Amino acid sequence: MSRIALFPGSFDPFTKGHENVARRAILLFDKLVIAIGHNPEKSRYFPVEPMRKSIQSLFDPEKLEVILYNQLTANLAVKYGAKYLVRGLRNTTDFEFENSVTQLNQTLEPELETVFFITHPHYAHISSSLVREVHKYGGDVSSFLSYPLK
Amino acid sequence: MSRIALFPGSFDPFTKGHENVARRAILLFDKLVIAIGHNPEKSRYFPVEPMRKSIQSLFDPEKLEVILYNQLTANLAVKYGAKYLVRGLRNTTDFEFENSVTQLNQTLEPELETVFFITHPHYAHISSSLVREVHKYGGDVSSFLSYPLK
Amino acid sequence: MSRIALFPGSFDPFTKGHENVARRAILLFDKLVIAIGHNPEKSRYFPVEPMRKSIQSLFDPEKLEVILYNQLTANLAVKYGAKYLVRGLRNTTDFEFENSVTQLNQTLEPELETVFFITHPHYAHISSSLVREVHKYGGDVSSFLSYPLK
Amino acid sequence: MSRIALFPGSFDPFTKGHENVARRAILLFDKLVIAIGHNPEKSRYFPVEPMRKSIQSLFDPEKLEVILYNQLTANLAVKYGAKYLVRGLRNTTDFEFENSVTQLNQTLEPELETVFFITHPHYAHISSSLVREVHKYGGDVSSFLSYPLK
Amino acid sequence: MSRIALFPGSFDPFTKGHENVARRAILLFDKLVIAIGHNPEKSRYFPVEPMRKSIQSLFDPEKLEVILYNQLTANLAVKYGAKYLVRGLRNTTDFEFENSVTQLNQTLEPELETVFFITHPHYAHISSSLVREVHKYGGDVSSFLSYPLK
Amino acid sequence: MSRIALFPGSFDPFTKGHENVARRAILLFDKLVIAIGHNPEKSRYFPVEPMRKSIQSLFDPEKLEVILYNQLTANLAVKYGAKYLVRGLRNTTDFEFENSVTQLNQTLEPELETVFFITHPHYAHISSSLVREVHKYGGDVSSFLSYPLK
């Protein structure tokens, strides 16, 4: 039986920090599904479909699939047969938040396990919100992303 | 003289974590007032008056009263003759925030003391914002609340 | 029935930060017992019996008693009829430690409740270990203590 | 060559905590520029131009200049010939955020150095957002600011 | 090729918190090696060989092997063909420490990956040092361990 | 008047992380004094005099002097005419400790200011205690130090 893991997030945008976590997770699981949480009623800074394509372009689709979703992460995991969630930890603020979300998911879906990687220090300072801020002011964000922004 | 304590919060919704703190605080004080901060200009996810009634239904009104308020917490405490505020601590992020609010309240009202309980680990992962998120996506939140949602 | 609380610690030495917590706790409880943990096999920097007397000299013995102990805190609480432990929180490092100890005590003695005060910012930087360090190098520690060192 | 430092922030409002950091930074640099980030599309609670004047009134304009800006902080620093950013740290939540921003700025402008002061504990609990909250409810915020609010 | 992971620690003693992490890790890897760091020059509280046997008794030896070691963890991993280290995270203090150790191990052995599980909140307060403390004072530690202490 | 800063620590050993902080501090001050705290009664892992020479060999002695000391840091600063202490911050655990020490030093010597640099993420995981641990087990620590160990 194949080990499938879900890597959920809003990825607005998908940074080199996220990519670092994904590349390490691919080695541990048979298949990784990057799931972009996307509520059509909420606006994103970077349009979601081009973002999905950009992320997909970085990975072998046999090993890593990028999808959009708009439901509970725990339910999505069940739908995809994923027994694992993957998340990156950058710092203690991340840890406190992820700790809460992990217990919540386990309450909703007791079989669902969450596995963490500590983001490599080279990328740990890159947050999607800071990248948006830099981009909004016309700054060069290419060093934080490994795909061209259209 | 009776010892009155105020347990302020937005309680959107009131979770089993809040209830855990309230049940422990009741034993220490003669009367506990749960004060739901409610600014009519800001929208809540769970309507405030049904929430007030749901909370009140969990407790003996002689010992614990649930009210709505829309003013400074420090002023409300004076109005109710409460010398104590009660707050729960779930994690270090909570601690940093509560530390600031506590000193602020003591600046505004030097006699006002804040007493903390560490939320029982069984409930520490339950945050109101996560419960709203689950509910918004149609998830079952009954395990996080001890009253029925209408 | 009187509300008795235990304020346990090693108090090597008892600082103005500890005193700040004790003075605030006295107002909430009928009696406060400051319990100096003292293992005769471990050496202290400040001798324990003079320390006990110095602490006692700061408080009304009717309201606050200072004792030595060398057993489990949870057992000591039962012995003294104390339903409450009192502890101060200075920062997030304290919080993480106290969180563990609190759950441990509740496992050992389910009725035992721990109540926290956030140390006043004026005293929050004073740790016993730093005071010992300053004293060892001949520095003046009188501003950290409110009793004379013999 | 003179050492110029930039102290960027939204300062909505500029508190005694910010002032504490600025007064200490002035002694270390030849000139300090307080830069109020101000996006005309986003609304502030305290109008920006009166705030600029209030801040300027507290300091010698030869040593400390207060300006408005609406661009990347790293670019502003280059424009002003500032090799240093100055920031205050109040607690661990601040630290985690500033850690990210600092690395981001160094990626954008490798020569740009950030120097930190720990906010004096007397002021560390004062956050702009709490001051706005108190002011909104008609509370007296004069003890958090050292200039009159018009 | 089988996926082998190492779960290193001093396990003085091995608690239900450690067991919780191990049971979850077993499901993710083909083989888990619990490696008790043991420097014969340093004294332990609980003798190491009985501890090794107690841990082994809890798990199927085909899936989980318990060994003693006295060398660099990174070198031990190479020796056992383990590409993964497994560690539990209980709180932010753990996180900061594990963050440092993880980067260190990756510097020493670039292929070595560390995977984290957040300890279940039911066990997160159990630390080996607190269990030793309780045991030293004659307290009952059976609720923290799932094997009998000889 | 020249701006002198003291960079105190035990530096057992002086790592690339310390060096990173020192090189950045040199640019801000006219002179930096690296002060190795050395209590002859306490044993070090790396002998202190060779360490002093190794550190000195990395820097221009006109700009940076390395000394040994065995007194209160605040007193040493006065003796050297240093108005500033320099410290690096790697993570939140560091922050909480440095926060306490900074306020303590300011109580002992009100004129003494402490300036912080956040250690570059490339070096933030390097702690002296981990380097000692690696060295003790015969691991290669050369990537953590920029001088040869004799």
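The chains carry the letters A, B, C, D, E and F, assigned in the order they are written, with residues numbered from 1 in each.
Everything that follows uses one rule, which is that contacts are C-beta pairs under 8 Å (C-beta built on N, C-alpha and C of every residue); 3 or more make two chains touch, one makes a residue touch a chain.
Everything numeric here is computed off the predicted structure, so don't read it as measured data.
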{"item": "Chains in simultaneous contact with chain C and chain E", "value": "B, F"}
{"item": "Equivalent of D-F within the choices C-E, C-F or B-C, defined by over half of its residue contact pairs recurring", "value": "B-C"}
{"item": "Chain whose average C-alpha position is farthest from chain E's own", "value": "D"}
{"item": "Far-end chain from chain A, centres as C-alpha averages", "value": "C"}
{"item": "Between E-F and B-C, the pair with more C-beta contacts", "value": "B-C"}
{"item": "Approximate Å spacing (C-alpha centroids) for the pair chain A, chain D", "value": "33"}
{"item": "Length of the line joining the C-alpha centres of chain A and chain F, rounded to whole Å", "value": "39"}
{"item": "Gap in Å, rounded to a whole number, between the CA centres of chain C and chain A", "value": "46"}
{"item": "Multi-chain contact residues (two or more partners), chain A", "value": "91-93, 96, 99, 102-103, 121, 124-125"}
{"item": "Chains grouped in pairs wherever the two touch, ordered by label", "value": "A-B, A-D, A-E, A-F, B-C, B-D, B-E, C-D, C-E, C-F, D-F, E-F"}
{"item": "List of chain F residues in touch with chain C within their complex", "value": "70-72, 74-75, 92-93, 96-97, 99-104, 107-108"}
{"item": "List of chain D residues in touch with chain C within their complex", "value": "91-92, 121-122, 124-125"}
{"item": "Residue numbers on chain C that touch chain B, as the complex places them", "value": "3, 24, 27-28, 84, 89, 92, 95-96, 98-99, 102-103, 113-118, 121"}
{"item": "Complex contacts: residues of chain A adjacent to chain D", "value": "90-93, 124-127, 130, 134, 137-140, 143-144"}
